[in-house]
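There are two complexes below, and they share chain A, which is joined by chain B in the first and by chain C in the second.
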Partner chain A sequence: MSDTSTSGLPRILAVVAAAGFRRHSTYRQATIAGAFTNTMFGFMRCYIMLSVVDVTGQAGGYDRAQLATFVWVGQGLLAVVNFWTPPELAERVRSGDVVADLLRPVDLMAMVLATDLGRAGYALITRFVVPVVVGMLAFDLFLPADPLTYAAFAVSVLLAVLISATCLHLVALTAFWLMDVRGVTMVWALLSGAASGLYFPLTLLPDWLATLLWVGTPFPSLMQAPLDVLVGRGSAALMVAGQVAWLAVVVALARVVQRRALNRLVIQGG
Partner chain B sequence: MVEPYLRLLVAQVRGQTQYRASFVVELVFSTLMTALDVVTVFVIFSVNDRLGGFGGTEVLMIVGIAAFGFPAADLVVGNVERLRVYVRTGLLDAVLVRPLSALGQLVAMDFSVRRAGRVVQGTALYVVALVVAPVVWSPGAVVLVVLAPLSATVFFGAIFVVGATVAFWWIESGEIANAFTYGGRDFTSYPMTVFSGLFRRVFAYGLGFAFVAYLPALALLGRSDPIGAPDWLRWCSPLVALFAAGVAALFWRTGIRHYRSTGS
Partner chain C sequence: MTAVIKTSALRKDFTVWHKTGRLRRQRRVVSAVDGVDLTVTEGELLGYIGPNGAGKSTTLKMMTGILSPSGGQVSVCGLTPVPQRTTLALRIGVVFGQRSQLWWDLPLSESFSLLRHVYRVPAADHAARLRRCRELLDLDAFLATPVRQLSLGQRMRGELTAALLHGPKVLFLDEPTIGLDVLSKQAVRGFLAELDARGDTTVVLTTHDLADIEKLCRRLVVIDHGRVVHDGTVAQLHAAYRSRRRVVVDLDAPWPADLVLPGASVERVEADGLRVTIALEDTTAGELLGRLAGSVALRDLSVREPEIDDVIARLYAGR
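Showing the complex of A and B:
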């Protein structure tokens, strides 16, 4: 399986990523529909958060503009750092189609991650832009003055995409044992929404709980980290370092799980 | 007449309980999911004890009505959102040739047992709200206590059906419907005073989401609408729900007539 020369691998993965990008660029209706929905939720969450700030002047250490940015950029990021689309691999395991994926000379997980990077790239220039622009027009958003902040934000988003894709791959791999992954997918969706900072900034939680989430789970790395880097709350270096650590953990875990999953794979029927 | 639907329903229930571990996890977590929607409201309350000019128990009343109405509608007709899958794959052809109501079949074919847990939880929350909130009891209030959650269910049911019919014209429309179904659920859990501008006018009064939980809750609490809706409007949720159901029926009929098979 590893006969392909390693110098060819980056090129193959780049082609796979480009294919992921092109594939999603053909779903035009879905892109418009998704951007509309993210924008609607943006208005709702922004008004709710601002009503909290209006009483106290600040909430969880954010002022009005920072909180508005947190909400709107978060709505944009939701499609980029995708954590709600059920992984296709799970259905391919159930149907047995996964055998076609395994015949390819490239590692399964590398293919999945490369495809997702392509998807994220397309989402960045479409689904990220729409809510952020609408948010800017309708509310006063906080825009960092330091160009370095934007660079750090970009790195943080890339890490978040990779962590999310790896975690979703882990969810999909449970199909090798469970066959039906809807339950696991739901657990993931449930936790990733509430514990990532999407529904509300994690700083609104009691300190012990927020710390527990940061240290004990990858969820804050998906949303809260890039958003805090952007609005300049807390140390950007520390948050990005935390993301790198979590990426290492989930990738290592995914490698082990994938190896064991493929070892026990039996393709049924012909 | 009911028997064929019942059979479809039983077949679904059996099918879904086949992978038992996955089913139990789904049931438990789908129930927890409702809890988590409510948790968001409480986390926001932990920052300060008033939200849009309303106290904790008053908001609980609003949350209670929405927390019953949405999952109940989701249980009964929520699976109609799979219509777009049927349209895209052409499976709707098979549904249409059978001598049964197409909507009835779709509802029975995708009935999701796991959603029942949320209805139980929503009911519990509503009962707690009725006990702890300062309800101003009157004969009218007693009737509204029963009708408000049912109206919310009918209203959300109508939203589900209208959202699904969009697929007849626009196949990859799924997420648009989410803005009004799941978006509507979140929107209706808050006092309308939280929102403002064109957004509030369109969603709260234009599309009628204020009638789901906010206005009936005001009536039960004996409060007038701080943003100026006349007092009698607070009692109109059942009428609005019936109107919404009529609109949904119209959408459905037009959509079904408009349907052209994918031909594959």
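Showing the complex of A and C:
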């Protein structure tokens, strides 16, 4: 679809990502409110999880410190890996404003992903940092000793952001058929929350169900994978490889769906 | 003279569903564009007008590659718009009056510098074009304002600039003056006139403000129900519809109702018979005056050129 020659494309996308960063930085109050809410819920989730550990000695194979890290870093990642914000593109398809996106000399999906990387970058230095620092002050967190673990975590988070953004792009593309994507968005929010490890570690589920989720869906790649990489539960290499595979799958799917969507293009409104 | 835009038998059908019962729906096909043949040569400034729902925006969407035609051919800058949309995007500029291509949350100036990168414009070219737009469109006062806080007129000047920063060969403008005040309209018109005078940009302009057309366009294409009903100059349109000049006279004594004027007809009598509008059909203003001078007490008079609104109204009404 894209006729843009590849020379210069990474540079364009870097600039678009930087713009995504700045766009989100203009919403200070929303950022503060979001960080505050996620921190409050962090306390709640952490006390509940730890009370389970106090009774049983462990929970889902995590000890106290690992679990506290799982909760607090999860509360931070929740804003970085986009779970709930409905995709902007869907609304733009509904209103017809998508014409402006289509009149750019750059592929639509590339623009969308780059913009989301910028958003994630801004969330990382604001909404990620706040709950993690508060959690560190209020609880004993598990902190990996090996610097490589942090590097692997960073890669895993980047992959999670890209997988999530691509899946949300798929959700948005359904707008070309459905116009109203609220239903699809809701199903996505429900599944991605429950099946990703965002609400509870997937290790609490029966083995067969957890395995099914890991192998059959991209959801664990969004949250459980980066968190397990960080607390050192399971093989980091295997989990990152799984994320790469899922990224390839969802990107390939999104390319096909986008091509179909643009072929049946009907822009709403005069 | 090379053709920059060429369409032949271009058409677009929309399928719309009508509810006819609780569950029954009826399918209806709307031919929004119904066989348009158009050739626009380099440097032309084309007025593309027609009543609401005539198919203007639909034509522009097909020319810019955001809507697939149902039939016929269209080529712009030698490219086929839909399959080559992202390549074509580098060579055209587009303003859809009711939409924005600017980044809503960012200051106008940041949208501009972002566009420079997205379109890979050399810094010097970008700076030169931006400087010209800043002068002609008076942008300086709101360059630092986030786009969402701009007034309609300010945003529209920003949109025009955004559409031109990459030096497009063709500019598509769909109602760029909609909702603008007199000064903003003048700024936009002056800007387009200057662009036209340079002669290197082809412009397709859609508008309902016929003053735009009169001031800017030598060539006028009128469409109705998806078909071209006129393609020529404004003067040719007047000739085709026998537009008439008018003489308005002010009198010292009321108009004598029985006065006969060969080759002219009285259109309106106002102000207790002291002001009369006479349309010239088969005579000249001089002949009419000679006849009037002998019969009535003339105080003042003025000759009015035919108005484009009138002829367009007659064109739309006679369909």
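Going forward, the second predicted complex is superposed on the first by the 263 of 270 C-alpha atoms of A that agree within 3 Å, B and C clash if a C-alpha of one lies under 4 Å from a C-alpha of the other, contacts with A are read in each partner's own complex, and residues count from 1 in each chain.
The criterion applied here is as follows: a contact is a pair of C-beta atoms (placed from the backbone, for glycine too) under 8 Å apart; a residue touches a chain by one contact, two chains touch by 3 or more.
Not measured: the values here are computed from a predicted model.
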Superposition on chain A - do chain B and chain C clash or fit: fit
Touched partner set for A:151, first chain B, second chain C, both or neither: neither
Which of chain B and chain C A:200 touches, first, second, both or neither: first
Partner chain in contact with A:249 - chain B first, chain C second, else both or neither: neither
First, second, both or neither for A:100, with chain B first and chain C second: second
Touching partner for A:143 - first (chain B), second (chain C), both, neither: neither
Partner chain in contact with A:184 - chain B first, chain C second, else both or neither: first
Partner chain(s) touched by A:241 [first = chain B, second = chain C, both, neither]: neither
Included angle at chain A between vectors to chain C and chain B, based on C-alpha centres and rounded to the nearest 10 degrees: 90
Which superposed partner A:215 touches (first chain B, second chain C, both, neither): neither
Closest approach of chain C to chain B (Cα atoms, Å): 8
Overlap of chain C and chain B interfaces on chain A (superposed complexes): 27
Chain C partner contacts - residues on chain A that touch it in the complex: 1-4, 8, 11-12, 15-16, 19, 22-23, 26-27, 96-97, 99-100, 102-107, 263-267, 269-270
Sites on chain B touched by chain A in the complex: 19, 21-26, 29-30, 32-33, 36, 39-40, 43-44, 46-48, 50-52, 170-176, 178-179, 183, 186-187, 190, 193-197, 199-200
Footprint of chain A on chain C - complex, ascending: 14, 57, 61, 64-68, 82, 84-87, 89-90, 92, 94, 96, 98-101, 103, 105-106, 110, 114, 117-120, 146, 174
Touch list for chain A against partner chain B, complex: 27, 29-30, 33-34, 36-37, 40-41, 43-44, 47-49, 51-52, 55-56, 59-60, 138, 178-184, 186-187, 190, 193-194, 199-200, 204-205
